[in-house]
Structures are given as structure tokens and as C-alpha cells.
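Next come the structures, one after another.
Shared between the two complexes below is subunit A, which has subunit B as its partner in the first and subunit C in the second.
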Partner chain A sequence: MSDKIVSEYTKEKKVGEGTYAVVYLGTKQSTGRKIAIKEIKTSEFKDGLDMSAIREVKYLQEINHINVIELVDIFMAYNNLNLVLEYLPTDLEVVIKDQNILFTPADIKSWMLMTLRGVYHCHRNFILHRDLKPNNLLISPDGQIKVADFGLARAIPAPYDVLTSNVVTRWYRAPELLLGAKHYTSAVDVWSLGIIFAELMLRIPYLPGQNDVDQIDVTFRALGTPTDKDWPGVSKFSTYTQLQTYPPPSRDELRKRFIAASENALDLMSGMLTMNPQKRWTTIQCLQSEYFTELPPPSDPSTIKLNKD
Partner chain B sequence: MMATKFESQLSLSRPYLTRLELQEAQNNTVSDVRTYLQRKNVIFGFLSELCVHFQFPRKTLETAMYYYQRYYIFNKFESELCHTVATSCLLLSCKQVETFKKANELCIMSFKLRNMNNYKQDAIESFKKRLFQIELSILETCGFDYRINSRVHIDEYIVKLGKALKLNHDICYLAWIIAYDAIRLNILLIVPQHAIALGILKITCELLGKNDMKNMNNFNEFKTEIDSVNEAYFAIVNYYINAFDNCSLKDNLPTHILPSVNLDSFIELKKNAGNDRGLKELGEQIRKSDKYLTTARDFTQIERRYVLLPQFISDEKTALGEKRFKL
Partner chain C sequence: MSVKQKKKVLEKPEGYKVISDDDLFRSSSQYRLWSFTKEQLDTKRVDTNAHAVAAIEEKLTMFKKDYASDISEEDAKMINEKAIPLTAEEELKLVDFYAKKVQGIAQHLNLPTEVVSSALIFFKRFYLENSVMEIDPKTIVHTIIFLACKSENYFISVDSFSKKTKASRDTILKYEFRILESLKFSLLCHHPFKPLHGFFLDIQNVLHGKVDVKYMGEIYTKTKKRISDALLTDVAFLFTPPQITLAALSLEDEQLTEKYLETKFSNTDTIIEASKDTNEKDKDSEVIKEDRPDKINYILLLSLIDQCKEVMSNPSQVSMEEAKSSAAKLYFCNHPMNIIQRNKKTQPDGTDSKEESPVKKQKI
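And now, the complex of A and B:
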């Protein structure tokens, strides 16, 4: 069916520009709802419509969850593809970096809980995000975390699928990716969440490698070089022999690094940052962590103040 | 910046159409069905060659074939443009099923397979531009509906459903060969892939004289129903009856599983099917009044919106007030 109506979306202000899209703020006329419009730059790519745009539409169409950004609509205008997304004014990176914003351990718990719920929903729908970082965790006006940017997402691979390990922004990259694994699982997303959890507690990036080689060193220096004992087969990665061997941190070292963290918080973080992807906690295990049931309870998202007052 | 006011077109995705609905829609786009079908055969051969060259899995080919056939439901068929459309379908299919290949490589091979060996880079560049334009048109004709060709494809369903139905390896292997013929048919546009896979498995069981799927009338467990499975069943049986000489099954028959097969085998299947039929068609009057089928697509409309759920349209109607809508 096909109906004719007055133009539905307005583009009012340009708010950002990435490699493959320009983002505008606008309004959905029929409801007055504020929305964000991602206009895909179709003509500038040597391989046609960018894979990121395809992935974004493909996976967001499938997902409907309070902690995942909503794809409101898709339209073509002047032969450009436009994705209409819900309007989300800020993100976790901005919040972490803004020293004027004070947040509490209960706020961190609330953000982690919402993020884990969103990522769990992706994983139970067989979708890997592959680019989780604070910048991609947007925050709605009512304080809800929304997992966004599915430009690198893909379906959970079949056992024989060969994948690229060149995914996830460097600081949030899991050890199996750093070692060049050609097959990996949803555990790569859980690692990124562990790093984000650490960053929220420290308020600085936890493992900021300068380049890909440095990232390996920074990661293993902080969390210990994996061995065949706790990760059978890890030494078979071709890059393994070039690795510096570091011992894993003791519990006391972790306590000193994360002063405000409770024992349950450290358990959760260590579970998410387990080197062996098969032993790493799943999002279900994370959500069942006692960290979320102990005091303080997670803040009500709508009460978390992000204004500089 | 204030928005420009202009009219907008809102389309609800209908990824599957019945056989008569397809005919109705193609009245606008295909003037000579015979030429269209002849070209389709040539083009599918060309796409298969491209896929063999790049060692793409069957799902890449299947998705490209779906796109090609879907494109010509809503876009005028011009035989000179077929190879360009087909190459564009393959480019998009590669992205859709994560078997990415650079547009340049696809273009060069597309030229070579058509014996256009004395090409210049300029020709490649302009061919690429055309591909990219068509790529977006293909997505528009699919209503940007990524629910189709997104996850599991016919050959994968054969394995999964074969396991679920406890069918033996021989049945599944023969079904997998038959599936290669099935992906060329417009049944891809009519019923979902799991219904096609079930139809293929049913044919295979019957060809091998196995009773595993005999009297199986309830497919709820597999989220489909008997009419869709039968639609696929008859589409494939009819294909073999009409075009057995051109089928791939004849040339790739695993004789250790099925010593021989011929036209009569399929005529026999059809005879034994009795009164079973495929999907029920709506009346002609309803079809003739269905604007989705009868109105040629207006790709010049400035704002063209695509939605997947009827709920979206009814919500918007409510929000806008009926009076601002005009059909």
C-alpha cells in the first residue's frame, strides 16, 4: 500500500559528520517527536552503499529493546538514503570526560545494568555488536542507556566462518582479537563492557594503547599474559611467541587500582576481563552478578543528573 | 534551517506476493514475458559463473537471484541493462551475506565474462556508477526489508530441517542438489526460504520412495503451513516437468542415491499429489484494485519512506488525523 502525506521529517540542525554519514537533528511532523536523521553519503564510496549503513539497518530492524537505539524509519530523499533514529542528546564518553559531572557508584551500577541488558538482548538475537565503547552508549533524555552504532555488527558466526579480527576500537579490543583470531564469539563484546566498567570506575580510559602493538603490551601488562594453562591453545596464535610475559594482577593489586570497587564489583569486572573467551562471563552471568543485588541499589536512570549544576 | 514541505510516499513492505499478484505487478514492467524468462536464464548462468569465479557460497548467489527477480517486479525490464542489474544485485548480495568483494573486482569480472576484454578504466568507472544507482533501487524495491535473506538460506535450512525431521544424509544431500535448481525460480518471491526447503525435502523423500514426510500436513513447528510448502513443492515439480533438459539435477545426479531420474519421475509426483494445491489466490477484483500491484512505482517522488509493519502506518494515520491522508 502507499499513502500520500505531507513531508514527515524535518532536518533542523547538523550535529555531526562521520565517514559515511551526516547526522541532523529534526522533528517527526505527525507526532512532534524529536529525532536524529542519519543521511548516508551514497555517492562518495568506491564500493557503493557502505557496509556500515547496511549493517545498521539490518540489525536495528530486528531489535526492539529499551536499551538499544530505535530505528524509527527509513526514507529516500533526493536519492540519498536516510535513517531516522531516536534522538539521544548525550553519551557515556561525554559524561566520563566532563569533570563537572559528578556520578556515584549507584549511577555506574545503573549504567552497567542498562548496557548489559541491551547487549544481552543483541546476543540472544544472535547479533555481535563489535564496537562497544562509551562513545557508542548513548543516553536518552530520561537517562536510559541505548546501545548505538551497529555499523560493525554482524550475526553470530557459524563455526566454520572466517572473520576479520580488525574490529572494535583499539582500547576496547579483546585479547583474542589482539592476537588475530579468525573466529570469535559474543565474548568480544563482554570484554569491551569490562573495559567500560573499569573506565567508569577510574574515569580515565583503562587500557589506552598507542597503537595495535602497544595495545597488546598495555593489555597483558595490566591483566597478565595468558598461558596455555588457563587458555588452552593460546600459544598457537602466530603472534604469541613475540609476547612479553607478565603475571596476572593479584586481587590486592586490583583492589588498589579500583579503590571504590566492592568485592562483587571486582568479581564482575574480572569475569568480564577473563583472558580465555570460553571462560569469560556471558552477559547472562554478568546480569546475575551479586554486584547488582548488593547495596547500593542501581540509581533510577531518570534521577541521574547529567547537567553541570 | 526550516524544512521544505513536499509530499511524501509511505510504503509498507510486502516481501512475498502470490503468483497472480506477481503477474499483475509485472504487467507494468515486463512487456514480453518470454524474452524476460529467456534473459533470466542467461543472466542466472552469468551470476553463477561470477559466483564460481569468486568462490562465493550458495547463499550469495541465492540472494543475488532474489534481488534480480524482485527488481523486475517494480522496474521496467530492458534486456540491454540486464547484466548491469545482475552485477549490482551481486554487489549488494555480497554485502548482505557478509561475503564482501570490491566493486572494481566484480566489474572487471563482469566485463570479462561477457568477453569485453578491451575495456578502459573509464568504462569501469561509469559501469560502477550505474551499479551504485541500481543498488539503491534494488533496496527500494525490497522496501529496505532486511528480514529477507538476512540469516538462514535454503541450503542451510535443508541441513537444519533435515536434522530436525531426522532425515538421513542421502535425502539431505539430494535435496541440497535440488535446491540449486530451486533458487533460480520465482518461488523465492512467493514463499519464505524455510517453506521452500521443506518443499524440496518433500520432493526428495518422494523421489527416493521414503515415507518420512508422507501425510505431514502440519508445519506449525517450523513456522509455516501446508499451503506455502505445497506452493514450493509444485513450483519445483513444475520446473522439472517444463525444463528438465536444462536442470542442474540431471547433470549432477548422485546415482549412488538415486540411480536415475527423468521427466516422468516428476509427472508421477504431480499425479500422486492429488488435489493438493499451493497458496490460495485472492479474487481478480481485489488484485485489480490493489495499488501496490497496479500502480507503477514513482521513483521521482522526493521523499519515499519504507516501513515494515502495518501498525506503523495506522499509528501515523491516527497521529496525523485521517483528513490529511489521501490515497
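And now, the complex of A and C:
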């Protein structure tokens, strides 16, 4: 079967290389549609198909949503696994870093709305992403945000599952992960989104820890060290006794840090960055935030200009 | 959420639609690619079998042609007698036989229930797409289990897996790609264990004060075991996970299950009927009906559970003899030369060859 599919997709340009895959730009011959091909280097793994590849295939097969990257096709060629994905020319990290791109509060609102919709769809399909960061929020030619890279994803755990806390890229890691929790929920994804929201408003990374230990300090210095009062049981984490105690920021301090943010925007951000994962807002609560219904309305994605021309 | 916020959400955009859990399940690969009616399932198996039979017969014809000068009349007769392609029924029996092996090995390795079940489901799906005449089941048993471990996030290195199963590294990895391809790259299995946990909690809620907690614990454990075994049958191809769970619960305690379903769902019929009537007059009630999360057709539900119980209660029984006889046919179809050699060895002076028949050497 593969021969037919192999000739259906061309690889034209190598655009990236990760630990387990090479990404090419290409074209779907029958339609002329531009696509990206993620070629997974299977031969290099002694344990057969790599876990990240398996997770990516497993979860992308299940999700069909405008704000999640589309898996167009899969095929085998020359002992490599090829994932055919929709072509997405840029991502939020590039946009945030590019000083030549101007974006407005309405654009930020639009991006947050699309991202939350994509992540909500994952969560209601019982899928945790576990690696949300600007670099994994890709943008389509018509301006739609696409949640991508499911290499760390997993099913939403059952209450008795024991998990590894070594997930999520450092700056976007929720406090329960920093404290080494053996169990966590979809709330870890919401935290990452809260950090991304802050980063969009500040245009610099919000909590850039130098290393894992520093990340704990940076996080609690900015948002306050959690206590048993607002997060019952937090002091039981073995790492808790070594923590510096910082007070949580006052509303005024937050207003000063996020000058352009409305009160509703600050409410949303604080809801997403609630220390206690059980009290942290869910994606539904976030989507129902008044931030999205107050003025200005979110920009129409297709009108957000990301090119200088 | 505050009431204030909900009010604003109520202004629904054009094309607004409530996505139900059923909609979510219908978009899953388990439903899209691996759910069938009984007829579809039978047809699929017959087709896969017919395809393989044609290939085998062509191969045998070629063999007889290629070795025409070496094959005596006697040989040709032996080939016709021994190298008989399996029928669809025989094939299914052999798959069932090995499915039990997969379950046994996976359980012996102390793998979590989800991993064991995924391995089983993968194996059964693989042999809808492939015939046992194309790929011998025993060559993929370990690969299937190894892949299920990875897919269920229960990683075991190939070296330690090899040590535990005494299967070689190459055997374990050889068909991994081929399997993934046959599985149509669809790895997420919705097992009935999560619904079981859900119903377990909900029964205690709905029948609060009428059920004993300790008894419910026993029912839970027994039903879980029943579900694990039910996955050996075709239930997962034919029914949704909650249907399978309810059928298993009902086989365990019919009275309890009926009482629960009646209390929970028997009234919704009348509600749906009522809203249908008003629908014609008043379009707004459409929304109310659409929003109902428990819009369940009680009568249909009961009949589906009965059908599922029926499938579940009739697991296929395959004896070792049947399996061996099918395995022998399979062997000779793929190795016709051995029939001739065997024939020669036992023929001229009547002295029997000391060498054991290749079939006997084959471990099932």
C-alpha cells in the first residue's frame, strides 16, 4: 500500500530536526496542498518505535479540531514512519520574539481563545498535553492557532495512577510539578496557558528559571509561596521545608506588572495561575471568563498581520 | 461558574451545537475504524480469508508447476490432502486460540489490566486485516504485547522484555511496523474499565441506601474480571464500552443492574416523547432536548445490553487438537516441499524416518 502514498507526498525542504524526527515541507500531489512531513527516525531506537512517536500518533488520530494540528496521513517508507501534518508556517514563540511584529490586546485575546478551545477539546477527550509553550502553539496561514507536539501527551490519569513529575518545559511547569507531585491533572496544562498569557502581555518569558531549583524560587517569588491554608496538604511535599516563604502579590502589584491588562484579564490570569491545582480554573471556566466578552472583541484570526509586508 | 457569566454564554452563535459524549465517541478511531455490525464483521473475515486462500492456492499451483518433474503422483495427492487452506471458521478459531495465549502471557508478565486488554484488542484487530495464513500468529504475539505496553505508557525496554518472555529481540521488533500499519495507526483503545468505575460510583449514588458498599466492592472486582475475559469475544467490535460494562454488570447481578437502569433511565423515554410533541409547536424545546445529557432510549438500551450479554456468554472454545490440526494445515500450505520429503523418507523401503514431523516440533 505504501508505494502509492509515498509518491503522493513530496519532501521539498528540510525545515527542522529534533531528537527523534526530521521535519520537511512538501506538497500533496493530488491536491497541491502544502503539507509538513515529520519523518520519525525509527532505526535509531533500540527499543523499536519511540514512545514520543507512539504518543503523537495515538493522540493525533483521535483529535479533530480547528485549533489542534491536523494529522493528514501516515505512511511507512524505507523503514521510517512519516506523519503528514498540515503546513503551519509560524508559531507563537517566533511571533513573541520578533520585534518587528506589532500585536494588540485584541490579538492576544484571539490567540488565548483559540488556544483554550484547542486545549479544552483535548481535555474533554481525556488527553493531557503536558508540554504547552509558545513554541508548540503553531499558527496557520489563515491565523488559526494549532496546538501541536503530542510527544509528551497521555490519557488523563485515574486517581490511583502514579506519574512522573518530570514533564512540561521548565518555565511553563505548574507548582505541583515543581514540588514533585506523583499525581496531577489537566490543571498542569492550564497553568502553562496562564504563563503563556502573561508572556503574551509582557512579550518576555514571565518566569524564566535558570534551572529546576531556580524555577521554584522564581515561581514562588512572583506568585507567592503556597501555604496549607489555600492549598491543604502542600506542606507535605518533601521539598516544601526547603522553600523560601514569599507573600503572594497584591492586586496592585499585578496591575503594575501587567499595565495593559484589564481587571477581567487579570482575573483570568490569576485563575489560571492559582497555586492549588484543585482551585485552579478549568479550561471551561477560562472560556467563560468575561475577559472574552468584554471589549475589545478578539481579533478575527485571518486579519492578524504577522508579516512585515 | 457564576450565573452572571452564564447569561452571556447563552447568546449562541449560528450553527451552535452541543457536543455530547456520544459525538465524542463517534469521532474516536475505535468507532470510526474498528466498530462493526455483526454482518460487517463476518464479511470482513470472509474477505480476508478468501484473499489469503487465493494467494495460497496460487503459490501451491506454482509449486507443483515448478517442481513438476520431482513430484510423483503420490506426492501430488499428498499435497492435495495436507496443504489445505483454512476456512474462515478455522481461521477464526485459531485467532481465538492465540488471543487467549496473548492474554495468558500478558497476565503472566503481571502487566496492568489496560495493557493486557489493549494487547488483546490489537491482536484481534490485526487478524481482521491479515490472515493467519499470511502471518503466523505466534510470530507476533510478543510484538503485540510489547507495543501495547508502549501504547499504554507502560514502558519496558526491549532487553528486559526479551529476558522476561525469552523471545529474542529481533522477534519482538521484527513486525512492529507491520502491526502498526495493520492497526491503521490507531492505538487508543476505550476499554470498559473506566465506565465500570463510573457506573460503580453512580449505582451507589442512584441507589443510595439501597446497596451495601462492601457488596458493591465485590461486584466491582468480579465485573472487572468478567470484562477482561469478555474482550476475548467480539464484544469490543460490536458494542460501546458502557454497553459492555452494563452487560457484564447484568451478568453479575441482573436485579441490581435492572433496578439501577430503571431508576436512572426509564423516565427519560416519556420526557423525549413529550418533547417531541411540543417540538412541532415550539422550536425552543429543541434546545432543552438537545441539552439533555442523559437522553437515553431505555428500551433500546435494554435490548442492546441483552444482545451484548449474548455475545459475551458465548466465548469460543477451541481445543488443542483443533488448533494443532489447523496449525498443521497452515504449515503444509506454506511448506509443501516438506510433504514430499516426508513422503520420500517414509516410502521406499518402509523404514520410518527418525526425524520427527515438523508439525510436532512446532510449538503451539
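Descriptive notes on the structure:
By definition in this document, the second predicted complex is superposed on the first by the 301 of 309 C-alpha atoms of A that agree within 3 Å, B and C clash if a C-alpha of one lies under 4 Å from a C-alpha of the other, contacts with A are read in each partner's own complex, and residues count from 1 in each chain.
Following the convention adopted for this analysis, a contact is a pair of C-beta atoms (placed from the backbone, for glycine too) under 8 Å apart; a residue touches a chain by one contact, two chains touch by 3 or more.
What you are looking at is a predicted structure, and each value in this text was computed from that prediction instead of being measured.
Subunit B and subunit C, once both complexes are superposed via subunit A, clash.
Looking at the shared chain after the overlay, A:N264 reaches neither subunit B nor subunit C. Touched residues of subunit A were counted for both subunit B and subunit C, and B has more of them. Touch criterion met: A:R124 reaches subunit C, while subunit B stays clear of it.
Look at A:T227: by the touch rule set out above, it reaches neither subunit B nor subunit C. Applying the stated contact rule after C-alpha superposition, one finds that A:T293 touches subunit C and leaves subunit B untouched.
Of the two partner chains placed by superposition, A:T169 touches none, neither subunit B nor subunit C. Applying the stated contact rule after C-alpha superposition, one finds that A:N135 touches neither subunit B nor subunit C. Residue contacts after overlaying the shared chain place A:N276 against neither subunit B nor subunit C. Residue contacts after overlaying the shared chain place A:M76 against subunit B and subunit C alike.
In the superposition on chain A, A:G26 contacts subunit B only, with no contact to subunit C.
When the two complexes are superposed via chain A, 165-173 is the only one of 165-173, 201-209 or 291-299 in subunit C with C-alpha atoms clashing against subunit B. In the superposition on chain A, subunit A positions 1-2, 42, 46-49, 51, 54, 57-58, 61-62, 74, 76, 79, 81, 154-155 are in contact with subunit B in one complex as well as with subunit C in the other. Across the interface of their complex, subunit A is touched by residues 1, 5-6, 8-9, 19, 24, 27-29, 146-147, 150-151, 153, 155, 157-158, 172-173, 176-177, 180-181, 185-188, 194, 197 of subunit C. Residues 1-2, 42, 46-49, 51, 54-55, 57-59, 61-62, 64, 74, 76, 79, 81, 124-125, 154-155, 158, 284-285, 288-290, 293 of subunit A are the ones that touch subunit C when the two sit in their complex.
Put simply, subunit B touches subunit A in their complex at residues 1-12, 91-92, 95-96, 98, 100, 102-104, 128, 131-133, 135-136, 139-140, 144-147, 150-151, 291-292, 295, 302-308, 312-313, 316-317, 319-320, 324-327. Residues of subunit A that touch subunit B in their complex: 1-13, 26, 30-31, 42-43, 45-49, 51, 54, 57-58, 61-62, 73-79, 81, 126, 154-155.
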